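In order of appearance the chains are A, B, C and D, and numbering begins at 1 in each one.
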Amino acid sequence: MDYTVASIAPIVLLPFLAFVIGSFTAKKFPKFTGIMVCVAIFGSFLLSARIFSDFVFNKFSADYYIHKTFLWFDLGPAFKLNLGIYIDQMSAMLLVMVSGVGFLIHLFATYYMGEDKRYASYMIYMSLFTAGMLGVALSDNLLGFFMFWEVMGFCSYSLIGFYFEREAPGDASLKAFMTTRIGDVFFLFGLLIVWNVTTQVNGQGSFAFVDLYNVIAAGGFDGQMLLGIPLATFAGLCFFMGTIGKSAQFPLQVWLPDAMQGPTPTSALIHAATMVAAGVYLSLRVYPLLEIGHLLTFVTYIGAITAFGAATMALVQTDIKAVLAYSTISQLGFMVLGVGVGNYNAAFMHLITHAVFKACLFLSSGSVIHSLHDHHTHGHVQEMPRMGGLAKKMPYTCFAMVVCSLAISGVPFFSGFVSKDRILGDALIHGLENPMVYGLPMFLGFLAALLTAFYMFRMIFLTFYGEPRDKELYDHCHTETFSFNRNLPLLILTVFTLGFWYSGSLTGQGLVKFPGVENKEWFQTLIEKPDDKHLAKFETYTSQTWGKVDIKPEVTFPKSHYDPTHGLSEADAHHAHTIHVSGAIGSIFIAFLGIFLAYLMYIRKSLNPGWWVSTFSGWYQTLKNKYYFDHFYIDILIKKVLFKFQDFVAWVDMGIWDRIFIDGWAKVNDTFSYWTRKFDDIVIDTIAVDGTGASVRFFNLVLRTFQSGKIQFYFVVIFVVLASYLLTLKVV
Amino acid sequence: MHGLLNWILWLPFLGAVLILFIPKEKVGAIRWFSVAVTAATFVLCCILYSNFDNTIAGIQPITSVTLPWIKSFNIYYKLGIDGISLPMVWINGLLFLICTFSSFDIKKMHKGYYSLLLMLQGSIFGVFMSLDFFLFYVFWEVMLLPMFFLIGVWGGENREYAAIKFFLYTFFGSVLMLLAIIALYFSAEGTLGAETFDMVKLMGGHFENLRLSLFGMDLPFDKVFFILLFVGFAIKVPIVPFHTWLPHAHVQAPTAVSVILAGVLLKMGTYGFLRISYPIFPQSAWYFGDILAWMGLINVIYGALCAMAQTDIKRLIAYSSVSHMGFVMLGIASMTTEGMNGAVLQMFNHGLSTAMMFLLIGILYERSHHRWIVTPEGKKGFGGLYTQMPKYSIIFIIGLFASLGLPGLSGFISEALVFIGIYKPYTTIALLGLIGLVLGAAYLLWMFRRMFFGEVIDSCKEYTDVNTREMFYMAPLCFLVIFLGIYPVPILDVMKTSVGKLVIDLAKFAP
Amino acid sequence: MFDLILFFTSAILTVIGAILVVATKDIMHACVYLLVSFLGVSGLYLTLGADFVAAIQLVVYVGGVVILMVFAVMLTGGPHAQKQNKFGIVKTALMGNMRTYTVGGLIGALVLLMMVKLYLSLFKIYTPKELPEYLPTVERIGKALITDHVLAFEISSVLLLGALIGAAIIARPRKNRIN
Amino acid sequence: MMGLASYLIISSILFICGVVAIMARKNIVAILLGLELILNASALNFIAYSRFLNNNIDGHIFSLFIIVLAAAEAAVALAIVLRFYQIRESVHVDDATQLQG
């Protein structure tokens, strides 16, 4: 296809230009700015959709790609820094997801933030953020990736701290930026390693993914050590630290719940649908490095711990957004778990499906929150204990939220089931094969799935069903009427929570097929894991310069076909399918069990939540306090260690080094000069110089005493002298 | 073209003299005259930039000036620029233009102030342009004088202490440098055939085999004088054990002087490394490379930690300068193309971002008359500035994020280049340097959070947002910071040939 | 025999006169005793055969100097001098008291020691010999003065003239007296 | 016959008396009297030596000059005393300390 700069670059540039123009028009024309931003993102969506349709409908080839580079700057022939775009199937899907979901969220934001006095500036930040995420998706190299990644970090900072009149958003934004920053610097170090290795192998450093894959295939990392750790492990760990930071994995998950301080569409766009997904996307992009660095087990554990830990924390939240925030962390944990167990495209699929339904959930919660206005505090209500029975008031929102909750819980026919089940299925295979290593992550994964179903429906039941617990609030809540920017985005997103969009079969494994959509496992077919065996194809990948039209006549891209055996032998494939089916059945059971438990507890009230809380109050407190991570980081690591240490250093600097050594040295010199001055005064001046004068004066005094003018005294002297002369004279 | 450097160098001095003839009551005339002089100088700098030939490595012959000065000692009036000095010359022109605008706030003795400011500009130009050691030293010393008075007269409440400390500290360094210069002068006869102060002739590692007898010890000549030059330049940079003049000077200096101090003056130290220490003593540069790299690392982390503990904004930014100059040192110590380019670019970018920060603090100080994030009584010094001064806050955010190295703003590219450069020779240092990046974000954002978020505290309710004049001089910096963050080529193209030559020259002496 | 008598008489006059000059409390008496003493000295000159010198001694000293002294004493108010100096401190008595005499006595003893030391050695080497007869000295002195000692002679004449004029000028009363 | 020793003893007595007069007296005129005694003692010595040592005329000449000097000295000194007395109305030697250092 004839891709030129004009058909690709605007995907990023449109929202970016909307940001630039908007920053000048925001003050004067807020409405216009909001519309312009939406239009710009819709433009990105159209261009992305074109690419997507091209990739999926026309080519349908896992090998099809577009790679364009341009020289950013060079420092002589030995150092050229290229930026560029790289679109393969994964980027194409991510692009369409980000721009599509992003557009819907923007649309919703025009409703949610419409009355806010800083509506326009909110919209342009969102626009810049979307540009950043699209840049991440388009970037052909790790440096560009990193740059857009950081731009997203900045936008996240600005948007979390959007309500800067209050104190809490300030803390939350600082925490978010700093926590992700820790991951980012490791990411940066990973970049350095990649640059160095590519320089060693190719003689020309590069950050491009393709070059990275080629270098891995060429064994560029083999046998290299860094600080006693294999270089590949080190590099993989660095990139995975980026994931941990950005995707809020254990142990850096602390920032994401606080990030809910931002307006709700922000939470939907940044902290659920896209930005946090960028971390997982990074892990997927550097998957070969994780593989040759033997990090997958580690990744599995991190994912499983995160998924389970966040799910448990979500159990006790009373804030509707907090439940969703922890659920996000938990789902991200599932994705990372998927990466860890090697189910590359399931992880990516979960990224996409999760983005859709989590965006929808957040927007729905935004819809709920926006409707509930507390006339006493003049603020919106987010606390679930004050809700209840809202289904009657908000039928559309309720519908969207229930459907999305079904999807996230892993109920069949919904997207969450398709993607999550595949991850759990692979975890099950690994767990059964190697229970000593993968047993625990598998177990935690299933447990987290159970908890997910439970807490999601706990939220649904508490919010929409039962009796309204705050009657006044309920009465003030307006009945929802359909509006294009409030309900339309929810409903559109709801449509895409259905499983068949993503897979032609119920489980996503081509096993239980939907009627009429046989062999449409496009997701699995097109996303090919770049593991050790599949790296060879990247050697043929070439990049065009920026301005040229993308034509690859000499290379043909055969249409890909779904391989049900996934390259395994017949027996192995059968074994895997058997386990997957049993896993699917298990997870269906688990999902319904979770929903049923929630039903028992919050609708039937046959299980009393209060009894559980009082019985396990220690656990309850632990969960309420987020396993004391915040306490540990802020109160102990930062306040007790870092602050003390920095105060100590500053004290050493000014109190010891400057005051004692530098000023002390001045003092020493001062003292020395004081004593030399004293010496000068006393010895040189007083004694030597004045002393000469004084001695003259002294003898003057003596002689003057003799020169008394008394003649008789002279005679005495004369005679005494004469006598002494004569008496000593030796006269013969 | 030949006279261009002369014009750039002497125009500020001329202005400094002419301004004395304006009656001191005519404050407006004094201000606008100095603006005119700096603007003219800046225009000349731009002409210089446009006439610069990127392909020539080393000194540009077209602009060089060589005139005999003191013939009997082989002292020449020799000016010239290359890719390393041009960015510095240009940013000097720019920052002084901005500083004259920002100095409209000063309250007393306008004539002397502007005269000294112009004199300072001229002498800094001289440092960056002179290719004769003697001339270099003269300008290096002349620079101290206006600086001393600018801090000592127009500074804060503890200005005399700061000014004297600044003066003595840097003077101590220059004396060591003078010693090295004289030693080089006399040793040049044995190695080069004639006694000379010419930097270009002295370059190239001619002093490797010389020995020096000192206190009965037989010492290598080049290493001893490398250390002396190092101390002289390190005080200017400042490298950590020699840095304590900086917080005092910054805190006490008036805004414009802080800007110049952080924006241009500190770069004289690193410029000295690139122009003098390294080319003249390449063997020693390799020999001491490890130590320099570690010192750079210490600068980065130590400066950041100290900055975190500060409650005075200016002092915080002063320490952040220490931290950022550490990156420059890392880049220089790496001796790689990327690292060196990164270092020079970082010199330029730090000049922009830190100038922004100091100007912004100056604007705030103009309104608040204090600079406490947390007052000594433990109360909030500022709060809710975001609500109170939205435009100011936006500019502040740009400066802040440029300073902490956000991609898309200028600081990132130079820091990334430095890290790419330092990774290969000193991997451990690169890894530890990351702590500096985290801390760098931490102290800046922590400051931002405490000052700008939350409710507007009572003392901040009177503050007005930035006015047109302030906007006018902040805008070019904002633009440059963003533009160079996206497209650094205009600066990199100028420097890369010269820096590349320097790296190649140094690589010849690699052990 | 005559010589002997003359000698003893003269010696006694001289010694007694000298001692009384020191001892007396009255300045006028002291002048008179000085006169006696000079007479004795003149006699001693005669016993030594110095006829001309003895005559000059009589003429100049006894006839001139001592008279001058007497006039001086009379012109300066004699013994009636004030008892206090300008600071109001009581001055030592004009003719001396116990303290001044003690000092004088000590110095005198010192001089005596000197004399003894000098003369004892002199007497050791001195052997008396036969003395020649007395001869008139006037002619020889006159010749010596205008031959060998003419310069000293002329100088002393100038000196005398100077002393004369000087004394006259110094003693001349002035109008503007310094108080 | 009388020897040299007897003359010398007499002149010594004269001399000592002169010295004591100079020391003990405070009257300038009285001091001058002591001075005259000393001069006479020396003159007597000259004469005695010239008689007993070589019997020539030189001692006489010296004595003559001493007498001349003594006369001149007495004249000037007494003039000074007179003048001093005119100024200070005193002949006390302790009042004449104008030449002290």
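Note that in this section a contact is a pair of C-beta atoms (placed from the backbone, for glycine too) under 8 Å apart; a residue touches a chain by one contact, two chains touch by 3 or more.
No experiment lies behind these values; they were computed from the predicted model shown.
Student: Work out per-chain C-alpha centres and flag the one nearest the whole-protein C-alpha centre.
Tutor: If one averages C-alpha positions chain by chain, the most central is B.
Student: Taking the mean of the C-alpha atoms as each chain's centre, how many Å separate chain A from chain C?
Tutor: 131
Student: So, what's the distance in Å between the C-alpha centres of chain C and chain B?
Tutor: 102
Student: Starting from the mean Cα coordinates of chain B and chain D, work out the distance between those two points in Å.
Tutor: Computed value for the inter-centroid distance: 98 Å.
Student: With centres defined as the mean C-alpha position, give me the chain A-chain B separation in Å.
Tutor: About 34 Å separates the centre of chain A from that of chain B.
Student: Two-or-more-chain contact residues of chain D, please, as numbers and ranges.
Tutor: 19, 22-23, 94
Student: Would you pick out the residues of chain A that each touch at least 2 other chains?
Tutor: In chain A, residues 712, 715-716, 719 touch at least two other chains, as defined above.
Student: Every pair of chains that touch: which are they?
Tutor: Touch list across chains, by label: A-B, A-C, A-D, C-D.
Student: Using the touch rule from the top, collect the residues of chain C that touch chain A in their complex.
Tutor: It is residues 100, 103, 107, 110-111, 113-114, 117-118, 121, 125 of chain C that touch chain A.
Student: What residues of chain C sit close enough to touch chain D in their complex?
Tutor: For this pair, the touching residues of chain C are 3-4, 7, 11, 14-15, 18-19, 21-22, 27, 30-31, 34, 37-38, 41, 44-45, 47-50, 52-53, 56-57, 60-61, 64-65, 68-69, 71-73, 75-77, 81-82, 85-86, 91-96, 100-101, 103-105, 107-108, 111-112, 115, 119, 122-123, 126, 128, 131-132, 137, 140-141, 144-145, 149, 152, 156, 159-160, 162-164, 166-168, 170-171, 173, 177-178.
Student: Residues of chain D touching chain A in their complex?
Tutor: 19, 22-23, 31, 93-94, 96-101
Student: Sort out for me which residues of chain B touch chain A in the complex.
Tutor: Residue list for chain B touching chain A: 165, 168-169, 241, 244, 247, 302, 305-306, 308-310, 337-338, 341, 384, 386-387, 397, 401, 406-408, 412, 416-417, 419-420, 423-424, 427-428, 430-431, 434-435, 437-438, 441-442, 445-446, 448-449, 452-455, 488-489, 492-493, 496-497, 499-500.
Student: Looking at the complex, which residues from chain D come into contact with chain C?
Tutor: Its residues touching chain C are 1-8, 10, 12-27, 29-30, 32-34, 36-37, 40, 43-44, 47-48, 50-52, 55, 57-61, 63-65, 67-76, 78-83, 85-87, 89-92, 94-95.
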